[in-house]
Amino acid sequence: MNDDRQASLQSDSFQQQRIQFRRIRLKTNIELELFKRACLSSRAHVEMLGKTGILPADSAGRLCAALAEIYAELEDGSQAISDSDNDVYEAQERLLRDRLGEEYVLARTAKSRNDQVACDLRLWLRDVSLAIAANILNMRRTFLDLADRDIETVMPGYTHMQPAEAILLSHWWLANEARFARDFSRLDDFFKRLNLLPLGANVMAGTREPIDRLLVARSLGFDDVIENSLDAVSDRDFLIEFGAFASIAGLHFSQLGSELLLWATQEFAFAKIPQHLTINTAMIPIKRNPEILEVLRARPSLIFGRMVEFIVQLKAITTGFSQDLQECVLGLADIVDTLDLLLDLTVGLLPGIELDSNRMKQVACADLVNVTKALDYLLDKGVPSDIAARVIDYLGSYCRTRHKYLSDLALSEWQQFSPAFEEDIYESVSMEASVGAFCSFGGSSKEQVLLALARARQLLELDLVRLKQLESKFAGGQAI
Amino acid sequence: MNDDRQASLQSDSFQQQRIQFRRIRLKTNIELELFKRACLSSRAHVEMLGKTGILPADSAGRLCAALAEIYAELEDGSQAISDSDNDVYEAQERLLRDRLGEEYVLARTAKSRNDQVACDLRLWLRDVSLAIAANILNMRRTFLDLADRDIETVMPGYTHMQPAEAILLSHWWLANEARFARDFSRLDDFFKRLNLLPLGANVMAGTREPIDRLLVARSLGFDDVIENSLDAVSDRDFLIEFGAFASIAGLHFSQLGSELLLWATQEFAFAKIPQHLTINTAMIPIKRNPEILEVLRARPSLIFGRMVEFIVQLKAITTGFSQDLQECVLGLADIVDTLDLLLDLTVGLLPGIELDSNRMKQVACADLVNVTKALDYLLDKGVPSDIAARVIDYLGSYCRTRHKYLSDLALSEWQQFSPAFEEDIYESVSMEASVGAFCSFGGSSKEQVLLALARARQLLELDLVRLKQLESKFAGGQAI
Amino acid sequence: MNDDRQASLQSDSFQQQRIQFRRIRLKTNIELELFKRACLSSRAHVEMLGKTGILPADSAGRLCAALAEIYAELEDGSQAISDSDNDVYEAQERLLRDRLGEEYVLARTAKSRNDQVACDLRLWLRDVSLAIAANILNMRRTFLDLADRDIETVMPGYTHMQPAEAILLSHWWLANEARFARDFSRLDDFFKRLNLLPLGANVMAGTREPIDRLLVARSLGFDDVIENSLDAVSDRDFLIEFGAFASIAGLHFSQLGSELLLWATQEFAFAKIPQHLTINTAMIPIKRNPEILEVLRARPSLIFGRMVEFIVQLKAITTGFSQDLQECVLGLADIVDTLDLLLDLTVGLLPGIELDSNRMKQVACADLVNVTKALDYLLDKGVPSDIAARVIDYLGSYCRTRHKYLSDLALSEWQQFSPAFEEDIYESVSMEASVGAFCSFGGSSKEQVLLALARARQLLELDLVRLKQLESKFAGGQAI
Amino acid sequence: MNDDRQASLQSDSFQQQRIQFRRIRLKTNIELELFKRACLSSRAHVEMLGKTGILPADSAGRLCAALAEIYAELEDGSQAISDSDNDVYEAQERLLRDRLGEEYVLARTAKSRNDQVACDLRLWLRDVSLAIAANILNMRRTFLDLADRDIETVMPGYTHMQPAEAILLSHWWLANEARFARDFSRLDDFFKRLNLLPLGANVMAGTREPIDRLLVARSLGFDDVIENSLDAVSDRDFLIEFGAFASIAGLHFSQLGSELLLWATQEFAFAKIPQHLTINTAMIPIKRNPEILEVLRARPSLIFGRMVEFIVQLKAITTGFSQDLQECVLGLADIVDTLDLLLDLTVGLLPGIELDSNRMKQVACADLVNVTKALDYLLDKGVPSDIAARVIDYLGSYCRTRHKYLSDLALSEWQQFSPAFEEDIYESVSMEASVGAFCSFGGSSKEQVLLALARARQLLELDLVRLKQLESKFAGGQAI
């Protein structure tokens, strides 16, 4: 799926994505998604009721068949919730009754709306989270490929938005990749607490029937049950935990978008958005508005707000089930859609961005970086520090007035300021020497970056293995 | 419209509302709403261009006529934004070109997407805010009518959720009404800063054409222009100001819902939700789940989150126009829909709630209220305060053990604890005497409450006059 | 005071401020501030009790004198809340008892902690909000002075962070000033709802004593009483309304800081932070880290978070008094301190920022701005739009490759691309002509900007008059 | 330490805690805490520089000794940051220079403020998080002890705040414990990403010196280094991850406080706050204001707001180091103090709460629970469902009018409504039978609850083992 997405972004069908980010609409049909999970969980439950003898085998069989039918019709679009249904559970009962008459009521056995809404929400969130996890891994590969590509490109590293040291562009790509690697790790931890079955808690106290909750859990691909029945119907910790994961990932997108937006200014001139990803006024093809980056910067705000919404919904409510617990549904779908869009845009955008390595290098060489090396040079030569500082200050003014870089100066110019400067000053203020120097573990020298890249690829492989494990575990609960 | 709404809630067609709060969907078609405003603002602009001679009169006339046609088709549903339009402004140009050929391009004169999106958003927000204001006034009338109705009902007033003093239920209704009166006042102040025309700011620096911004402002019902062109395209203060208004109102709904939810518990037993507003399991008509109150309690959370979203969108962006400024649109529509629902539910719900005045009075009379009066009684009789406190403590234990109220005790029982108690103790611990005593301005005595009610009705009348003024002012910009 | 502040920032004593923004500590001693207001409100209340005969005149006199004494000792630092006091009200009673013995208990007459905490919080917030209002006006004058100073400076105006049109720097200063003018206007509206007396609501139902609430209101400088006693003790709307005002102002600071941070990059090179406002490593005087701008960008986040805190505190609580209502105090003080710091830093910083008008003008002239004018030129000459667009595209590439601006090209170079270009093309691509052209109301032409500046000074004068009115109104409640 | 805390709360020295929650002040001296960590990390770094030969062994030795001295003086309070220090790093250099003269400058080797602030913040947050983890385990033990104690107590379980089914109080305690068990699990996962060494990233590109980052990591008890140097100085994901952990735990406290507040109302009358934990007006010992529960309900709001603050601080910033990254410090300390207080209050409060098991049982038996059983009874007897529903409705009205419970009715009364009722109806509406029935896994029957309790104790033991592991791992970095 991810490959498809990437292709579509790079092809002319990107038009669709482009519209998406200026159009105002939701993508996920969350009622449909929950309805499908309601069929899956109901079927697993009824199957267990049949196996344990709580329901007669034939009744259980008919219920299972009917649920499979409804599921299939939801999938192919021939069936849906109607305007007169209060919610998907009413809709499900209506459709069951249409098929089975009054026998439909057996589907209620040892189950209530309270435990089932919790179950279906977890099933859906698990599936979409897994898709997000897959897309994160795919995006990380993009970052690593770009790090491979740009191993020779030098760029300025910044502190306080001032160029501080020359680094490799690959190092910057890897820093971005590392952020999203943490996001995957958080998502993986999150599954431990999400992927638990609440079904069987019934109204909130359990049931008189000798149900087998572990059987249902296994059949739906859950790791375990969420044991305490009161906790099972009311635990919504996962909303905040998911919201926090999504918020941190959202911050990563927002920071990436903000930095690229800076790079895309005329003043930085490090980057250009590819023509086909900009929305131009038809008349001025030369103007490339990086609206897509503004969307990366701004859109994650929705995620943060939705997490706040969840927190306030949950504040001050008491144990047991209440409608407050269901209020999160639209917000969750919104977060998922938003992450989806951010992942799509980023993967579609990054490989096509035109980076100007000459301009980057030029800024990386500029005085403010080299000046510290020139200062070190003087100190190494034994010039007292206050005098050295003054020399450097004058040098800086001299260069700025004449629009020159330190590396452009003739030796005679250097020596106007201090006789201590000799031919080897050019080695100090050479950018290549400088970048190569950061040879500590995790530093920006080419050698270190190549090692880091290899390690990052290894971690990505491990994460892919982990993803496959999760996919095959969850598969049980994903289709009939 | 409000009367209609109220009627529909009270009639059996309330079914629809009931569904609404469990169903997951948006009401406002925000793209359509903005599209209609785009026609209104474009027409006012083109008309001005004609009047000032910037465009030839006949071109201006044809453009105005075409815009009026498109508006009418949007109104009757025969025209809409299509999937291939990037946004409503592309859609508008497409429809204009269909009608006028290349002359459509004249509609762009002295106007850009940047100032127009700001203008159309303000036009729409102004209209829906006014509708909200009208509904708030309508709801306040409901509160006042209930205060009238319940002038004889005594209820306990609480501190720290402990009954503290007996008050009139009318006093409580008036306290609620006072909150929403402040909300109206905030909304009214808000219009001063919202109802300003950004159009004419063009891209963000103004235009070379000798446009007449005040003419456009007047024709669209704006109070004035937002002068500085850079400010005009980028000012989004109104998002937070509206968000804060809506959040405070949301808190009022959440607090009201929470208190009624408490009253609807079996333990308080002050209130029952009318049967037709509950969602029962079909089988147990006796059970009345107050889900509707849980929605009042929880749903405002969306508003708070959306306001946070706006804040984060606006953080750290720079002057001029950027796509970040358009990201608010769906959130705004969400807030408006939410306020709408909360107002509808409340007005539909309150008159039908069944209040048990006997139960309220019983709790209001209970020991914890009277005990302070018994203590005052002893102190008035000259009993030293430490002894009085001990006496009252014993009396309390005595009553609790025997499940009696102080007012139930025989004089002999009183005198077991202190000979200072005499026949007139019954006046002190009578609830009626107690309520009547709070005769200070704004207090809970019947006399004060009746005066307060009269003043509240007067203020409501003044606010209705203000509403009418706003309605007639805005009318210019509401239709073609 | 504001002048003092500005002076201190510009003098070498700015050292203190500099520390402040990296040091981690609170400024406002909020308990002391509330303690002082508790003395003021208690005294006004007791005075009224004396005048109305509820308390004997001599007792009232002694209480008033004692409260004045305590107030004075709090002012001069000789008295304070002690570690064993539960809160300032316990502390006040302790100090009164020390002075008056058991007569101190009369100070409790017809008053409770519930109405008094609301009263004292409003008194304090009113005073500090007024100081903030004064500082906003002072800062607005700074903006206007800078607009005066920079009336000849041309800068690029941006859309999507791309230079779009050349504007005057004065126009930019005025856009910033307009934002803070709205903030003042919001604060002024806020006082209408804040400056109301809750005292007299007593526990929450009023009192039996024939108190005169309006007398107390007048003596404390309140506009009126907050009437309904239940509402009076529990209304905390003003927390959110103040939080929203502060958040919007905070966004203005954050946006200003972000834009200046951009300007201070080496790549933009529009601005330099004055040496004495930077925190350098001692060794590299040339490096000027704009940490102060990062503080402007980041610090307002505290305000947003505190407002969220208030909202959650108030969610789902019921009428009457509860401790939840007091939880806001530290957050409020934090917001006030933060606004104070932001105002101080901004007023101290702006006049000293070194702006490079040549660099600004250079960017404002750059191709991306002029290119639209060259396109207009061709269209005016009747060149078909698709051909014109292609010509402009080629021209752009030509210039970029040769590092030239359009205005640098020889006529022969222009004519290589289209014979339609003639000598008058230089007028079109001249920046001066361009800026002058934005002559619409509120536009960026010098004439319009001068008019706007005059209007802004008039509004500032009116706001200063308004401030004086508020100051003299509030004065009653500010000292004994 | 936890035992001490508990003791202090239960002893009369609880006075101090009681003050704490009404007083307005911070507990953690965050600058001191960071200063101490700065000594620890500096020493580990210098030691490594000595071992790797980057610094001469004797210089490294003198620096280590001086750092140990400063640390000791900070510990015993004889040394502190002074008002003239810009931050703790300036303070540290000042103190080093006092001791070592210009040799102090060697401490800067291969290290910058940028990587060190990140390191010290992680060290401190790790330590306080571990203390929080220990307190959570301690509190969980309290919950389990209470579950042991209350195994015979029946209470109503609620849906929509209506009594739905009778459950065991132990079951409720276990549901609460399960929430905090998840919080511990989240904290444990969090350590994986927090406990990584950023030191060695230097300014942000690494260093030329052949440093050994793993050696430093081991010596400070870190699991590993945070590799990429750019990522190392700027990663603040852990702020949000910690904020989310703390927010979820905060919600658990707020929900617990809210529910107990409900139980402490006169109307529910399930619970009483012990006298010594209430703040009474001295005069009315009988009144027990549960302010402490309101603090549990409201105080977590601070945590949520601080997390929002962190998110906004991080939005839209670019890679590298900036002052924005340091703005979180006070907010973090605030969260830690708040969690600390919430844990203290809860552990001190819970064992002392007086629960009225009779009242709980009485409500659990009330009609609304039994009515579903009576309905089941009729259906089992073959009464058609519509008739059964009507019978039950009448029965309900009958009981309410007469203030009777179903279980109080004589058989003749039952049979007035339906002849289907026979003697065995009393078994159906007996509460004991009902509770015992919920025998499914995780259900509320005594048998299930005892098994659940045993499993919860096992998990607690495992978590204690895990805690010990973390404690011994971190120990390296906690003292000199």
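A, B, C and D label the chains in the order they appear, each numbered from 1.
We take it that contacts are C-beta pairs under 8 Å (C-beta built on N, C-alpha and C of every residue); 3 or more make two chains touch, one makes a residue touch a chain.
These numbers come from a predicted model, not from an experiment.
Identification of common neighbours of chain B and chain C yields A, D. The chain pair with more C-beta contacts between its two chains, of A-B and A-D, is A-D. Centroids built from CA atoms put chain B at 36 Å from chain A. As a whole-number value, the distance joining the C-alpha centres of chain A and chain D reads 28 Å.
Touching two or more other chains at once are residues 159-161, 258, 262, 291, 294, 297, 300-301, 304, 308, 311-312, 315-317, 322-323 of chain A.
By the touch criterion given at the top, residues 18-19, 22-26, 30-31, 83-87, 258, 279, 291, 294-295, 297-302, 304-313, 316-317, 322-324, 326-327, 329-331, 333 of chain D touch chain C in their complex. Those residues of chain B that touch chain D in the complex are listed here as 159-163, 261-262, 264-269, 282-291, 294, 308, 311-312, 315-317, 363, 366-368, 371-372, 375, 385, 389, 392-393, 396. Considering their complex, residues 110, 114, 157-161, 164-167, 171-172, 174-176, 178-179, 182, 185-186, 189, 192-193, 200-211, 213-214, 225-232, 234-235, 237, 240-241, 243-244, 247-248, 251, 254-255, 258-259, 262, 297, 300-301, 304, 308, 311, 314-323, 437-445, 448, 452, 455 of chain A touch chain D.
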